[in-house]
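Across the two complexes that follow, chain A remains constant while its partner is chain B and subsequently chain C.
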Partner chain A sequence: MKKPLILMCVSLVLIAALGLGVVSAQEPVTLVFWSMWNETEGQARVLQTAIANFEAANPNINVEAVWNGRQNQTLVRTALSSGSQVIDLMDQDADQIAGGLMREGFALPLNDYLQQPAFDHEEVLAEVFLPSTLEMFALEGNIYQFPYIYNTVQFWYDKRIFAEVGAAVPQTWDDLLAVCSTLIDAGYAPIAAEGNEPGYAAFYLTEMLARLKGPGWLRQAAADATGEMWRDPAVLRAAQMTRTLWDNGCVPPETIGYVWPQGQTTLAFGTAAMELVGSWLPVELQTQTDPDFQWGGFSFPAIEGGVGSTSDVYALLLAFMINKDTAHPDEAFAFLRYVMSDEIQQLFTDESLVGVTNKYITWNPIIADASATAAAATSTYGDVDNVASLYSEYLNTILYPNYVSLWQGAVTPEAYIDMMATQTAEYWASHS
Partner chain B sequence: MTQQSLTAGRSAALSTRTRKRRIQLRQVPSYLFLGAWSAFTILALSWVVLASVKTNREVFRQPFQIPAEPQWVNYERVWSNSQVGQSFLNSLLIVGVSVVLILVVSAPASYILSRARFKGRGLLTMIYIAGIGIPYPLLFIPLFALLAGIKLINTMPGLILIYVSLSIPFTVYILTGFFSTLPQELEDAAVIDGATDFQVFRKVMLPLASPGLLTASIFNFIGLWNEFQLALIFIQDPDKRPLSLSLYTLKNSMTYSGDWAGLFAGVVIVVVPTILLYIWLSERMISGMTLGSVK
Partner chain C sequence: MRVSNRFIALLILPSFALYLIFFIVPTIQALIYSLYDWSGFGAAPQFIGLSNFQELLNDRVFWRSIGNTVGILIVGGIVVFGLAFVMTMMLSSGIRGKKFFRGVIFLPNIIAVIALTTLWGYMYTPRTGLFAVIFDAIGLTDLARFPWMGPDTITIAMMIAIVWIEVGFYVVLLLAGVDKIPPDFYECAKLDGASDWQQFRHITVPLLSDVISIGMVLWSIHALKFFEFPFSFTGLEPNPSSYTVAVYLYILGFGQRQPIYRLGYATAIGVTLLLVVILVVLILRRLTRREVVQY
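And then the complex of A and B:
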């Protein structure tokens, strides 16, 4: 009679311990965490809260955070390569980790750890993540990254202007052009954009090709050593669509001289109606918009004849990575498991106005439409359809400069195709 | 004085005046250029100061207007959220100590390399000077390993050690030039008067090379004050950051949160003491650099 009682008590204690994020090890452990945030940023403050709570629940664990800012991966790489600095975990843009430390073999596979119970739900931890986030940068079945912040790239618009002119959210490319005409007639600049910001301009190329050819096609074209994939009629169509935006006045001509953040301020001040950009935009503009500004978001519209869907989501995730050589992988993962708790994930979205990867969390109302997009995602792709993580040199020397030339009207769509096909072949010939 | 000589004198004076006027006329474009440059710089700085007391909305909506109500709270926010004051003191300490140590090491080395006669002197000088050509990024990993080995990572002494080591080649290059131009007779005279080798260096040659030392100090001070790359790699603790790193951190956190007015307030906090320091030292700096160029 006693045995089952003891077993039950032991089980209850274990469950309670897991619930509080308590790790079994009792000897003092110091986890060194190098972060991409500066110590005064909102996200860093949430992580500081998470660290304090985690340390309180695990008195034997001390999390030593180093707030390096956006150069974090470079600094981590230098430190790890020197072989003399202990770093147990770090965080950065998932694309950058995938193309950097992960590819260089510094990351610990997390598959087994992700089968642990979730912090505050009955299912396993892997099930708590929003669809297509954990697997986004998986390599040969191994998951090396632990995404915790979720940015979507989509059109962000001023709902008041759309309501005023009677425009509905465009579902197709033709709808988008029709909304542009309506907005122009009403005296608005339809699309806010930056003149020479390659990353922002390339959102259009990425989305157009994802809708026309499906996610993954652009990254194949980038890797095509012959360059011939760039001669696909879909690329010409995407290039022509890019120029149509300018020629029709959807993107106002003065945009060509805008330097970031000049373009996006036109949206904040009610001159322009929408912008294709990440879900960080409402945060960046929160001190510039009217208090009653109403943010809305919609996915890049479908394109007639295209194979891609509006539920294919351009996702820019921020993720943790555990160093494969850490002496404390269990404790490091216990901390990540706590970061994924409802409490901390809710804090991220409430305090820092960012999207998160925990499917149970209601995102901050300012980015509610991004939350809906993320929840409905049937597939996700990273920056420039993952070209940023796989072929960053190609991106910066071939793809970006040529697309900016097209974006600014310095070359015709036909010339752009030739340039891409020729230069891609030359690039891979010299990088074989 | 004859009429002829008077006429000659007058025409000479006239031609001197004409030449002066021509010279003055020729200088007009230079003055215009310098005037425009100064006006632009003053305008840009004034704009930054003005923007620092605006709301974020005003920065973009009314970029050239006086703010309706000065937002001193921007300064409060930056001062409490960042550590620019501490970083300024850190920079003074790191750069000041580094410059002194660079001279302590480089001056004797340059003196020996330029004046002593021994086998391999040329090669040794070349090895010193070759250090100028090594790009910093190549040194990141080995330096990190070395510094971690002696437990000086993330410390100001560690950064000072790196600054001193990497500045020696350039300083030796400058100072060997100065020392080699000093007359041999002064050294000989001091030896005849009974001075030891060290006394010759300390009491005779070093004071004569002071313009060179000043030039080297100024170049090193300016270079290290603005140095960013090495500080970024080797300092992680916010309390130990030099000003360049602190400004970078401030720029990142302010731009990502869209707090442009706060960013400008931070820039003013950083720039004003630097400008005051420059005004205080400008005469010495310019004279030092001019002397350096002649040598």
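And then the complex of A and C:
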């Protein structure tokens, strides 16, 4: 009599346990996602689609999105500091996350998760990413960011003007100067630029030093407490090349009075031929260019005697980060895995005209040349050769103002070298 | 009817509570945080005493931002008040359409700053901007290409725009004062043969002294914490050479473009700014203190 009773009790316990298991699997989960997009932006709309699809496929998961705009990380900081909010995942420029939440230890390492199968491919998820994107901000072998949008910095040019004057895409610095002369002779302003925009001006310094000394050298110079690396002949050469662009008329003199976006609109109006800027430019100028405008893109040219290559790519990524304290890391990553699916990544490039990190996706034709650049990358570096994420205060208070002075012709290349060497040493003496 | 002190205290209480919660407590918190090295993230702030203030003494960008801010305060103030006086005199001289002109002059004050910076940016654009088109039309091609927003002239360009925006507020303020001066004073002065300048100097200015004093205090506070216009006027990312103190504070503390996040240091800048505002206001109050003028 006892045995059946015991069996019945055991069965009831097992059924209850199994039942709990089912209940546990179906337990409602709310993922709180704070985003860098404004609700009506194209990228936000794609994410809204991704969220809706993901929720439909996972009825127990609700993704609660908060559209904060570009101040997202600062708002996340405030929320996490006050302990008043649960935030499971967020997105922002990868450079900014690296210098902010990631440096402060808020990011969950994703290495194990990235070994899961890709959403719609045979290989593991990590293999789906374009080369060097996942590793760009890895720290001691740990990957903390999940990049999903890919911007390249390169020259964007008007193919019709190049064809009209018979100019070929420049492969070397000397080619670039020759193309400038041809364009000037034909009555065009060769290079569109902003006069007073430190971030855009510093694209030149970054690319020149990447080509001359290789990626990573600029960030070492920024961190050199003696400041002496700035006296390297390559820096003087880069400074002289910067001034050559202005002195030769490649950058027209009135550029000095352009404040963003005045410079780039000269490209849309057909008076200028090219601009060194991110692959967001064709999208930004979309409403101003005529329908026949033909965009082309080429990498910053090689420099004679330099050790860098045109396949070293200046990449500005946008990425997700999962909060290390989230109660739902598996669900949060499941959502990211879906964002990386071909379907959603294709939507990003089709609807918002941006580059994406999934290697199987054909980018929107308007930025096809950026896609080729990204696919061929042998190495990537972030904003100002990662100085933006590693030494952001130095960038803002030393590197930017001094380079803008050189850019605007307020100081000579020689004076620029002295300023950088002296002020870098002073900076690190007071920021040790 | 005698009102009891308790009743007065009761009426003051809500305002005092709000003042306490939204000003006094945050100010005390700011004073405390200015003594810490803190990113503003979760990590515990590290007490560093007065180191943030010591660092400010040698901070090149901070001193440049002080220079820019003081430039706006003094040069901008002189031009704003000079123009406001001229316009006030013109509007109070009995011209027709006074209310219309007053409204037009005040209009920039009710427009969003971002719209104003966009408008002025367009006007200054070389080749295609409004000024360029006008100069081109009258044959001044060199001026049409002049880089108004270049490094040598951007501060002046910004100042012109700021003056255009701000002057309306002070015109309205001064006009309200002028309207309260009895017209008999001017009539008597005219009978005595006083010129316009003498009327202005000996009647208008003395009787407006309180209004001028308040106006100067308001301008000083406003100018010292100037943020929106310089922040959005200089493009995507303000050039550090054109920072005002408030812009520098924001860049360091809130990581707008670059993830600097030095909230402790930024708070020290804020505390310094608060002390400067208090000092300037005290000086102004002392300089403009005078006997009540009666005629």
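Keep this in mind: the second predicted complex is superposed on the first by the 407 of 432 C-alpha atoms of A that agree within 3 Å, B and C clash if a C-alpha of one lies under 4 Å from a C-alpha of the other, contacts with A are read in each partner's own complex, and residues count from 1 in each chain.
Operating definition for what follows: a contact is a pair of C-beta atoms (placed from the backbone, for glycine too) under 8 Å apart; a residue touches a chain by one contact, two chains touch by 3 or more.
Just so we're clear, the structure is a prediction, and the values are computed from it rather than from any experiment.
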item: Room on chain A for both chain B and chain C (clash or fit); value: clash
item: Chain B versus chain C as contact partner of A:S81, first or second or both or neither; value: both
item: Comparison of chain B and chain C by chain A residues contacted; value: C
item: Which superposed partner A:Q71 touches (first chain B, second chain C, both, neither); value: both
item: Chain B versus chain C as contact partner of A:N396, first or second or both or neither; value: second
item: Touching partner for A:V283 - first (chain B), second (chain C), both, neither; value: first
item: First, second, both or neither for A:E194, with chain B first and chain C second; value: second
item: Chain B versus chain C as contact partner of A:G99, first or second or both or neither; value: second
item: Partner chain(s) touched by A:E39 [first = chain B, second = chain C, both, neither]; value: first
item: Chain C region in steric overlap with chain B, selected from 95-103, 185-193 or 257-265; value: 185-193
item: Where chain A meets both chain C and chain B, residue numbers; value: 70-71, 78, 81, 265, 269
item: Partner chain C, residues of chain A touching it in the complex; value: 70-71, 73-74, 77-78, 80-81, 95-101, 103-106, 194-200, 253-260, 262, 265-266, 269, 271, 388-389, 392-393, 395-397, 400-401, 404-405, 408, 410, 423, 426, 430
item: Parts of chain B lying in touch with chain A, wherever the complex brings them together; value: 55-57, 60-61, 81-82, 140-142, 144-145, 148-149, 153, 232-233, 236-238, 248-249, 252-253, 256-260
item: Parts of chain C lying in touch with chain A, wherever the complex brings them together; value: 39-43, 55, 58-61, 121, 124-128, 145-151, 154, 233-237, 239-242, 251-252, 254-262
item: In the complex with chain B, residue positions of chain A that touch it; value: 34, 38-42, 66-71, 75, 78-79, 81-85, 261, 265, 268-269, 280, 283-288
